[in-house]
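As structure tokens, the structure follows; a few thoughts come after it.
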Amino acid sequence: MTDTAAVATWLADFAALVHENANLLTDLDRQIGDADHGSNMERGMTAVAALDPGQYPEPAALLKAAGMTLVSTVGGASGPLFGTFFLRLATAATGPDMSPAEFAAGLEAGLAGVVARGKASEGDKTMIDSLAPAVRACQEAIAGGDSLADALHKAAEAAAAGRDATVPLIARKGRASYLGERSRGVQDPGATSVALLIESAARTLH
Amino acid sequence: MTDTAAVATWLADFAALVHENANLLTDLDRQIGDADHGSNMERGMTAVAALDPGQYPEPAALLKAAGMTLVSTVGGASGPLFGTFFLRLATAATGPDMSPAEFAAGLEAGLAGVVARGKASEGDKTMIDSLAPAVRACQEAIAGGDSLADALHKAAEAAAAGRDATVPLIARKGRASYLGERSRGVQDPGATSVALLIESAARTLH
Amino acid sequence: MKKLINDAGAVVRDSLLGVEAAHADRVRVDHEHRVILRREPTRQGKVAVISGGGSGHEPLHGGFVGIGMLDAAVCGEVFTSPTPDQIMAATTAVDAGAGVLHVVKNYTGDIMNFEMAAELADAESGVRVAAVVVDDDVAVQDSLYTAGRRGVGLTVLLEKIVGAAAEEGRDLDSCLKVAQQVVATGRSMGMALTSCTVPAAGKPTFDLGEGEMELGIGIHGEPGRERLPLGSAKEVAAQLVEPILADLDFAGDAIVMVNAMGGTPLIELYIVYAEVKALLESRGVTIVRNLVGNYITSLEMAGCSVTVLKADDDLLKLWDAPVNTPGLRWGA
Amino acid sequence: MKKLINDAGAVVRDSLLGVEAAHADRVRVDHEHRVILRREPTRQGKVAVISGGGSGHEPLHGGFVGIGMLDAAVCGEVFTSPTPDQIMAATTAVDAGAGVLHVVKNYTGDIMNFEMAAELADAESGVRVAAVVVDDDVAVQDSLYTAGRRGVGLTVLLEKIVGAAAEEGRDLDSCLKVAQQVVATGRSMGMALTSCTVPAAGKPTFDLGEGEMELGIGIHGEPGRERLPLGSAKEVAAQLVEPILADLDFAGDAIVMVNAMGGTPLIELYIVYAEVKALLESRGVTIVRNLVGNYITSLEMAGCSVTVLKADDDLLKLWDAPVNTPGLRWGA
């Protein structure tokens, strides 16, 4: 069941995971960015975790609130991008319980929103490099008849692989792109956050 | 013979000694002052060493020029003090050759000038702590019939002892005084320069 | 990390309290949205000019709020662009019927947040918003493969000039045109001797050895394009000026800023200025106005940047117009 | 040592070239004597106000030469007071028949060199010289056993106020009286987070551990009176303000400067200002004018100082009078 409670559990779990990894995220951003990605994600997810799920009877409303909260508390590149992701994910939810197909379609809409907002493609060394393969894996698994839990586990694996694959890339979008060749060898912070997001979904949504 | 040539040799030797010890002097001043005593003395003595002794037929004229040069090139506390010392020393010189008694009296006048200008007393942890005992030792030795060379050797020993004795003192004049108790344990930079000056006199004047 | 702060998480909030305390004669602060505004509301019919971005670049932008320059500045977290809500709040607060010009430095985050704010402003309040994107940093090459050139020092000059245009009564389109002229004819390049430390991160963004510099840095403490041995001020001046001249022909009159990054003292900056001026003049560039000082900084970073802007009579008239802000003041 | 310089031995010379290049509209430079002068000669019959000291404190003093403030500034080597010859050259250059006021910070070297210059000026040129010695630093206690209190931040305020008095046409005695009033009713206290490096010395004057500060520093990179753990900005504000209030009753109106030592960014300084203001107000001190920024520095030292000066109608009138210098400007 992907109802409001499940979404709330996911968001709370992701917030905790971001908190645990905030130093790592900032540290990656220190190497190829401006040393704030951990603080940015933590500020945003702390605010999201403080939302009262009781106020949002349906998942769409809670996901929308999460997106708005990220947009209005994070700033930087990750605020609009993660915010847009959740706002678009929300549009796929109808009624009190998202079906696995709705959830997969929502992930796809979220990805499309991030691409539209940030204009990056796969291979540019951004969060899209873990989000896009995760969305594909989830869609395929759901289409093949997997449960949401199984599909999200495959998505999490794909996200992790996509995240790892950012290491040797040269950045072409975001701050890291200013480093040119020097951006090689460091894992993208945003892709790392996305991998945490999908990992958290896999362990909280069924 | 303390003629112009001898004075010039002394000044050149002292300039060389200051050059060799500039880092030490600055380093002492770093600990209880503002890290410029070596640069100050070196700037001044480089200018003094560049004076053409041929232009000054008598020691008084050369010593006066040295004093003026120090006053006009050094600045800080040491410029007026070392400058005044040489200007007063010059007043004791009559004729083409300073007698040992004249030289000793000149040192005394120099000390008096420094005291008048800087208003410090022995024990205040300043250059006076090596200059005053040196002047006394020289006067006594000359009065006791020593040669200038012997008198200056005794003076140099007294200056060195006075310099060493500044280590445990608390500064009461100059920049080091702002440190209060924390000025203890470091040798006074100005007293160190004076010890070099008298050491140099002892090995160049006879 | 050694800083004069109360709480690494509340640096922007606490600093805005100080800005308000120090400059209440000229500005007021909307603490909820972290916006610094002129004390008096925008004159009816005047175009409002606002800017904003991450904090840590002071006096940019908040120090440039006042008569003859900005109407408001939106303050993000340190090195993090502000959110659309903050920008919206500033936009609606300063609009006086003639529209609002957003001065945006070209960073992904700034672009996206200002864009979202403009969408919101249009949808929710009907305020007419125009935006100029400053992208003057010649350190970023191959802009096909990057997020494009960063907005750096030219932003200061642009805010002065466009602020004067708005004060003079020019309409939104004219202000935008002046702004675009500045963007088209201005270039910058920067370098760092040391990194800075983002308070919330707690340690330096990068480490530089004795005798090393980062050439082609931005203003967010990010490493530059190249790490090189540090030469003399004369060499550094050439390393900053040559890429600027290679990018655009600046022969003729120019406004030049030699800017310190926050931790470089004036005594050094003037040495660089003398070298920059000599080099520019040897290449046919005549400096007709200049700024030398800390105008757009990266916290306590040591280093400097050079900005060159072509001057014409209109720009000079706007440059010379009175300005009265905490960070830049003349004629008033 | 990492600095933007050409030659550690020629920092002052090279920097003056930049000052001349940047500010030729307002000042000129006598390179032989290292004196920065107003571009226009002193108005006949106006008292001339000059100051000087070691370099490395920029904008003090050279940045304060111009209408409404200093007539000339004499630049010594870094942290080394200038020589009598330099001071003499400045004194005779600016005298316009009404005498010259020397603003001297209380350091043994400055006192002696200015004294010798005044003796020379009197003997050689008959210029009437008066001197005011600034000794506002409450960090120096027991002045019976020291060279007395140092002259620090109050010098900035004094130069502004006395400069205005001279510009207004007051005579030498009146200018001296105003200066003495400022000295009698102003106090300062400073602290450092880091040392600075004298270029010719090549390494930091002192080392401070992470989490340590020097309390009661002067402006020459010298260690302070006490080494203490570094607390919050609020605690630091109290450590600076309390000794000032303990020394003199400041209840009433005051002009307050919160000054950065060269390496502390504005974002931090405003945090300190908010705390200083809150504390002073809780003790009955009302800040009627303020300065927040880098005004009297120690090269690239990180740290700050607080200066408090009692304000009365006359001082405020002089404070508000127009000033047009590279380092301080309003009303012009």
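A, B, C and D are the chain letters, set down in written order, and residue numbers restart from 1 in every chain.
As a working rule, a residue touches a chain if its C-beta (ideal position, glycine included) is under 8 Å from a C-beta of that chain, and two chains touch if they have at least 3 such contacts.
Every value quoted in this text rests on a predicted model; they were computed, and no experiment measured them.
Participant: Give me the step distance from chain B to chain C, shortest route via touching chains only.
Facilitator: 2
Participant: Centre to centre, using CA atoms, which chain is the farthest one from chain D?
Facilitator: A
Participant: Roughly how many whole angstrom separate the Cα centroids of chain A and chain D?
Facilitator: Their C-alpha centroids are separated by 54 Å.
Participant: Using mean CA coordinates as chain centres, what's the chain A-chain C distance in Å?
Facilitator: Whole-Å distance between the two chain centres: 32.
Participant: Please tell me the distance, in whole Å, between the geometric centres of chain A and chain B computed from their C-alpha atoms.
Facilitator: Centres of chain A and chain B (C-alpha means) sit 75 Å apart.
Participant: Pull out every residue in chain B that's touching 2 or more other chains.
Facilitator: Residues of chain B never touch two or more of the other chains.
Participant: Got the chain C residues that touch at least 2 other chains?
Facilitator: 78
Participant: What topology does the chain touch graph have (line, ring, star, complete, other)?
Facilitator: line
Participant: Pairs of chains that touch, anyone?
Facilitator: Chain-chain contacts present: A-C, B-D, C-D.
Participant: Per the contact definition, I'd like the list of chain C residues that touch chain D in the complex.
Facilitator: Touch residues, chain C against chain D: 1-7, 11-12, 14-19, 21-22, 55-56, 58-59, 63, 78, 193-194, 208, 210-211, 213, 230, 232-234, 236, 262-275, 277, 290, 292, 294, 297, 299-300, 302-304, 324, 326, 329-332.
Participant: Enumerate the contact residues on chain C facing chain A in the complex.
Facilitator: Going by the criterion above, the answer is residues 54, 76-86, 107-109, 112-113, 116, 139-142, 145-147, 150, 198, 200-201, 203, 205-206, 216, 218, 220-223, 225.
Participant: If we count contacts the way the header does, which residues on chain A are in touch with chain C in the complex?
Facilitator: Going through chain A, the ones touching chain C are 26, 30-31, 33-36, 38-40, 43, 71-81, 117-118, 170-175, 177-180, 182.
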